[in-house]
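Should a chain be cited, it is by its letter among A, B, C and D, assigned in written order, with residues numbered from 1 in that chain.
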Amino acid sequence: MGFFIVQVLTGLSSAAAVFLVASGLSIIFGVTRVVNFAHGSFYMLGAFFAYTFTSHLTSVVGFWVAMLLSAIAVGLIGVVVEILILRRVYQAPELFQLVATFGVILVIQDLALLVWGAEDLLGPLAPGLDSTVNIFGTLLPEYDLALIALSLIVLVALWFLFNRTRWGCLVRAATEDREMVGALGVNQTWLFTGTFFLGSLLAGLGGAAQLPKGGASLLMDFEILAAIFVVVVVGGMGSILGAYLAAVLIFEFNAFGILILPESTLVLMFLLMAIVLILRPWGLLGKPEAPGQLGQVGPPELPYQSASRPLRIIGILFVCFLFSLPAFADDFTLVLAIEMLIMSLFAASLHFAMGPGGMVSFGHAAFFGGGAYAAALLVSHANAPMEVAMLFAPLMSGVLALIVGWFCVRLSGVYLAMLTMAFAQVAWSIVFQWDAATGGDDGILGIWPSAWASDRMAYYYLTLIASVGGILILRHVLFTPFGYAMRAVRDSAVRSESIGIRVSRQKWLAFAFSGFMAGIAGGLFVFSKGSVFPDEMAIPRSFDALIMVLLGGVKTLWGPVTGASVFTWLHDEISRFEYWRLLLGTLIIAIVLAFPQGIAGFFGNWWHRLRNKGI
Amino acid sequence: MSETSLQITGLSKSFGGVQAVMDVSFSLHPGELLALIGPNGAGKTTCFNMLNGQLKPDSGSVMLFSKETVGLKPADIWRLGVGRTFQITATYSSMTVCENVQMALLSDRQQLMSFTRRASRMYRPEALELLKQVGIVEQEDRPCSTLAYGDLKRVELAVALANNPRLLLMDEPTAGMAPKERVELMALTADIVKERNLSVLFTEHDMDVVFAHADRILVLNRGKLIADDTPENVRNNPEVRMVYLGTETEEIAHA
Amino acid sequence: MLNYKNWLSGMLAGIFTVGLAVPAFAGGTIKIGDINSYKRLPAHTIPYKMGVELALEHINSAGGVIGKKLELVSRDDNGKPGDAVKIAEELVSKDRVALISGSLFSHIGLALTSFAGQRKVLYVAAEPLADALVWAKGNRYTFRLRPSTYMQAGMLAEQAAKNPAKRWATIAPNYAYGKDAVAAFKKILKSLRPDVEFVAEQWPALFKIDAGAEIQALSAANPEGVYNVTFGGDLAKFAREGKLRKFFDGKLILGLLTGEPEYLDPLKGEAPEGWLVTGYPWYDIKTSAHNAFRNAYEAKYNDYPRIGSIVGYNTMLGIAAAIKKAGSTDTEALVDAMEGLTYDSPTGSITYRKIDHQSTMGAYVGWTALKDGKGTMVNWTYRDGAGYLPSDAEVRKLRPAN
Amino acid sequence: MLEISNLNTYYGRAHILTDLSLNVQRGEVVALLGRNGAGKSTTLKSINGLVQPESGSIVFENESLNRQSAHVVCRRGIGYVPEERRIFTDLTVMENLEVGTRPPRKEFPVWTPERVFEIFPNLAEMRNRPGGQMSGGEQQMLTIARTLMGNPKLVLLDEPSEGLAPVIVQQMAKTIHDLKREGLTIILSEQNLRFATKLADRAYIIEKGVIQYEGTMDDLAADEDVRNAYLTV
């Protein structure tokens, strides 16, 4: 009895901090449509600030003042980020802002290291709440009850704020139609800033509130990210109560799940998410997303045209250059070039789904890593030669994408994106935790190319032909009826249905094809590195691909290739510096501010203007 | 009764307890232009979406050329020969005018899974022919995103005609057009109907258009069919005047 | 503690500080390629690098080896094995390093192991613990210094076997290291004490422990002894919840690595008391060699050494000894020299075994206690690694033929 | 009251409004006539700041509105009723009105929900109904009511009769007529000449972004050539 109650309460208290952070994310997304990847960083900052403040304010009252101060401090940092960066890119094509938030993650990581040092910081016990209560013979820390109370207080306060105050009313209106709110005399600039303040404040409060349960560490930012995204999506985007229910559901599921299946941690959460979204595609309390809310703003895309003669010549010259590269490049340049080519193909495959296909995937690494693992497993378990394994890689990621796609394509916009991330996390969790088959975290080693390709130059040519070929195939498909039908479905689903296009099937096959092509990149990758690890399926790898596509420009076919090359090269150059994350983050933010259409998008427009002037 | 294109019996649909369409029955004959009018929110678009398969009715039957279509998907219903235009034009903004029509032709010829040829070169002459019929062939290569609204309506018509439909469903075909364009478009539609012996079911708020072109008029109010009659009788129906047409006596003098 | 006093100047200096000191290939130096997760887990890797640099300072001030100075070319692997392999390629082909060394994470160590075998480059793994590194995935070109998971689990199992506790529970992060650590412990303990039974296993996700729920689940099984493999933030949460919920009372708790300063120190006054752990009681090691190391370290950095520091220091001593023994920086000669290499270190004599390239560096096993509001190890003994490795016959089965 | 001169507006590369000039006197209802795509909506959006004109000047009550964002224009006293209605569907009627509420202005009547409900009695019966569950006609009423809550001096009405049943159009005409009697100045964008004729004092005819005709409603009624050229069947 006591055990059961305590386990329930423990689940509720674990849910509390995650709910606080997730509600902030949900609010920010609802109003500003920014998918704030940096939300985890705000959570981390909350914990660090709280650590500093509580070390000075040690009384009972002081502790709670410190919590509040930390939340406000993080809220103000959110305001700074919003004013300095995001405010300037709201007009950019949707999702582009998340590149900026990715830059913010990098900057905050290094700044936190500079300010608070490398060591994990253990939080103090909450003064006055540092003991336990006895519930039918089982002990429960008092602070757990405080956390539960805090989460409920915040839940009620948010409800009151949104439903009983003018500001809340304006925010809800802005969630639906921000432009109209502006036309009614509301300064939406400050409404956005205010929203960002509130959202960041909640992230900071979550980070501060969990301090007595754990502490502050530099790894907190990415560790909470998946959890809060899951909570927001399971609860339903924009629903605060939904986020609360989702957090409770997930952590109760976990608290009792580990009693029955101790090894099911990680997978449980994502499995629950997949189940909820299959049954209720818009989350527990969410509403269907209006069509075209993601990736469909900005100036309309122009019809496809065959490459003009000058562009064709430039392209051919560039490929010739790539073919002659080994003649004058040193060994390492080839290594870097191999990686750039592989990443270009990976990014191009994602672009195929998210640009012309209109299906943004936050989990594309599943197919990249899936291909890599398929090849590696075939080599390590069946002793297959490289040639066979490389063909097997895209087939298996294609099959994986067919399975994932079957669930995902019924959704759209950010829900689709989140569901792909959930499936990618399921795939990652399986690979990470099922070490009997996959070697788990220790990966699969010794996956080296066949003798003829083991020379670096030979492997470079293999990669060059496969990647450039793959990218050209992706491009070609866009011009075929299949590619047109895919774009048709994106442009107008109702029109497509009414001229006999099977919308879901078209999206499904397009998604699978995109996964198939990512698998080629994965196969090339594993043989270039000689090993594969779960990291290749993890969230940061998916983010990499997303950043590459957006950085290059989602509206042009050459955006992903440009983005992948620039990002890979920059990463390699900059990581020689000690505080490279700070530098890379700043640089990414600078690129975002300078090229809101993406790099290739920017030069594409520039080229267009040049041509129109008749030069 | 002569052969019917469309026979609707007892069609009903509700959303979360709100009865949007209630026990609606009517029929449509080849060569007939049938107008469906009624106040906003009367259930016209819901009706349309059930005929075209986007919504599944709660009850009732839709017989299309003597074939039950309830439960079929829009794509299947399209294959039975139903073209559709939308209240808010639904075209492919990232494609040219001609490509929009080519899409419908590609779908009609079952070429959507083709990975070999370039789509923009397939069935182009047929597409141009359709564009000529609706009078915008000279805009063939313009992106749809840059077209004037009235022209988009014509593109939609060309797209809807691509699979040689026997029934056209047109949801407010002239909404947002200037008076002159409205008349032109409806005259064009009437010509095509005559030439191909089509049936047309359309909704419309412009009474000039309705009374000028409809052979018969259905009036929906709060989900119920309150009239199914000739234009003249509908015009004089007191209930219709009260809920929809209004009375000229409320005319405000020009101040 | 905040070090924001000079963080601004530090930041400006830091951004523009290039990791590699001298770019050109100077004739008078031997370059050592250093790869580590300096950003992903700085609390561990920075002390490591400090130890490495101290050793280089000592070696070079004593005239270097074979007449040349040792020079470190250090790079961050971003915590990603793919990046580590790329950097290794770059260090070898661009910077012309004689060998590569370093790394903390097991999976990165394994990626570099595979790279070393393929490219025939010497790789001296400093800290990664995975057993596979020298056994299942071992190769001619890879050596490892720190006592592996198997060895440290063995040291704890040996002590556990002497305790009357029969009902055992385990808790370990749910990934390769955790699984290895639990499997090794169970195997060794069972062989020493066939009468023990394992009544519960908990597998929290790495760095995502739901500590309250896990403690509850463990206590439901009512064990007498608990073998705990959690570390970092997970350990802090586990220790705190367990203490609050009085879970540890009356039980024998074993903590793998828990006694290492990197894990014990952040717990401050809440460090567990009375756990049997492996670790590094630097404050209490009174040998003259260690005193010299500790004094030099404290003088140079105004900070005390961590486990990473001593591992880094010992790694470089071993590399210097190998180069001296080989008399050249030719990879094959270096590998031959490393096999069976014995050298003296602050923690005693270390041998890189010829049979599996595992060093015999040991670990300290003792009991945790609180002293001046800080966790310490008491009643510890140094366990030489040689005693915790399987027999040669077993090793031959574990390790593929070269 | 409002003086616009030589306005030029672009969407991307497309030139939408060319050297557009118009003026509105206090208390007037001015109709902006023209077919779809002629530039009526763009004119209104250029005035209220949703679209930023490339060049030209907009002066409202002797103060420039050039390059001001929408909320500033609204605060100066120009209300905007969009063609697409853009009701906040998740918000109740009362909440929709709340969003539109601005502080009262001196010398102008102050709108309260109660006064608004006098003009739109059927809205009063559905105060707590979400905007999404209202019919098109009711939504159109709510859009106007919402704008009135901002106590505007001038209202930009974009095609209020579009897509509405004839009976609702008649009600709408009556409502606008009432508002005019309240002293509100209105710019009415319309395609429906009959509707505009009932309400407006003066009219501008716009075609391809250029003002083609300017005159009183009576003049327009008399000028069959103009009507034939730009408006009629």
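Please note the rule applied: contacts are C-beta pairs under 8 Å (C-beta built on N, C-alpha and C of every residue); 3 or more make two chains touch, one makes a residue touch a chain.
This is a predicted model, so every value here is computed, not measured.
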Review point. Counting C-beta pairs in contact, which comes out ahead: B-D or A-B?
Key: A-B
Practice item. Compute per-chain Cα centres, compare each with the mean of all protein Cα atoms, and return the closest chain. Key: A
Exercise for review: Would you kindly tell me how far, in whole Å, the mean C-alpha position of chain D lies from that of chain A?
Suggested key: 43
Revision key, fill the gap. Separation of the C-alpha centres, chain B versus chain D, in whole Å, is 30
**Study point:** Inter-chain centre distance, chain B versus chain C - centres from mean C-alpha coordinates, in Å
**Key:** 74
Study note, to complete from the structure: Checked against the stated definition, the touching pairs are A-B, A-C, A-D, B-D
Point to revise | chain C contact footprint on chain A (complex, rising order) | key: 3, 6-7, 10-11, 13-14, 52, 109-111, 113-122, 125, 131-132, 138-141, 144, 213-215, 217-220, 223, 227, 251, 254-255, 258-259, 262-263, 265-266, 330-332, 335-336, 339, 432-433, 435, 439-443, 445-448, 454, 525, 529-531, 533, 535-536, 540, 572, 575-583
Review point. Chain D touches which residues of chain B in the complex?
Key: 18, 37-41, 146, 148-150, 172, 175-181, 183, 205, 207-208, 242-246, 250-252, 254-255
Review point. In their shared complex, at which residues does chain A touch chain D?
Key: 166, 169-170, 172-173, 175-177, 179-189, 287, 299
Study note, to complete from the structure: In the complex, the residues of chain B that touch chain A are 52-54, 73-75, 78-79, 83-84, 86, 90-96, 99, 102-104, 106-108, 111-120, 122, 143, 145, 159-160, 162-163
Practice item. Would you mind writing out the residues of chain D in touch with chain B in their complex? Key: 14, 34-37, 133-138, 162-170, 173-174, 177, 180, 191, 193, 197-199, 217, 231-233
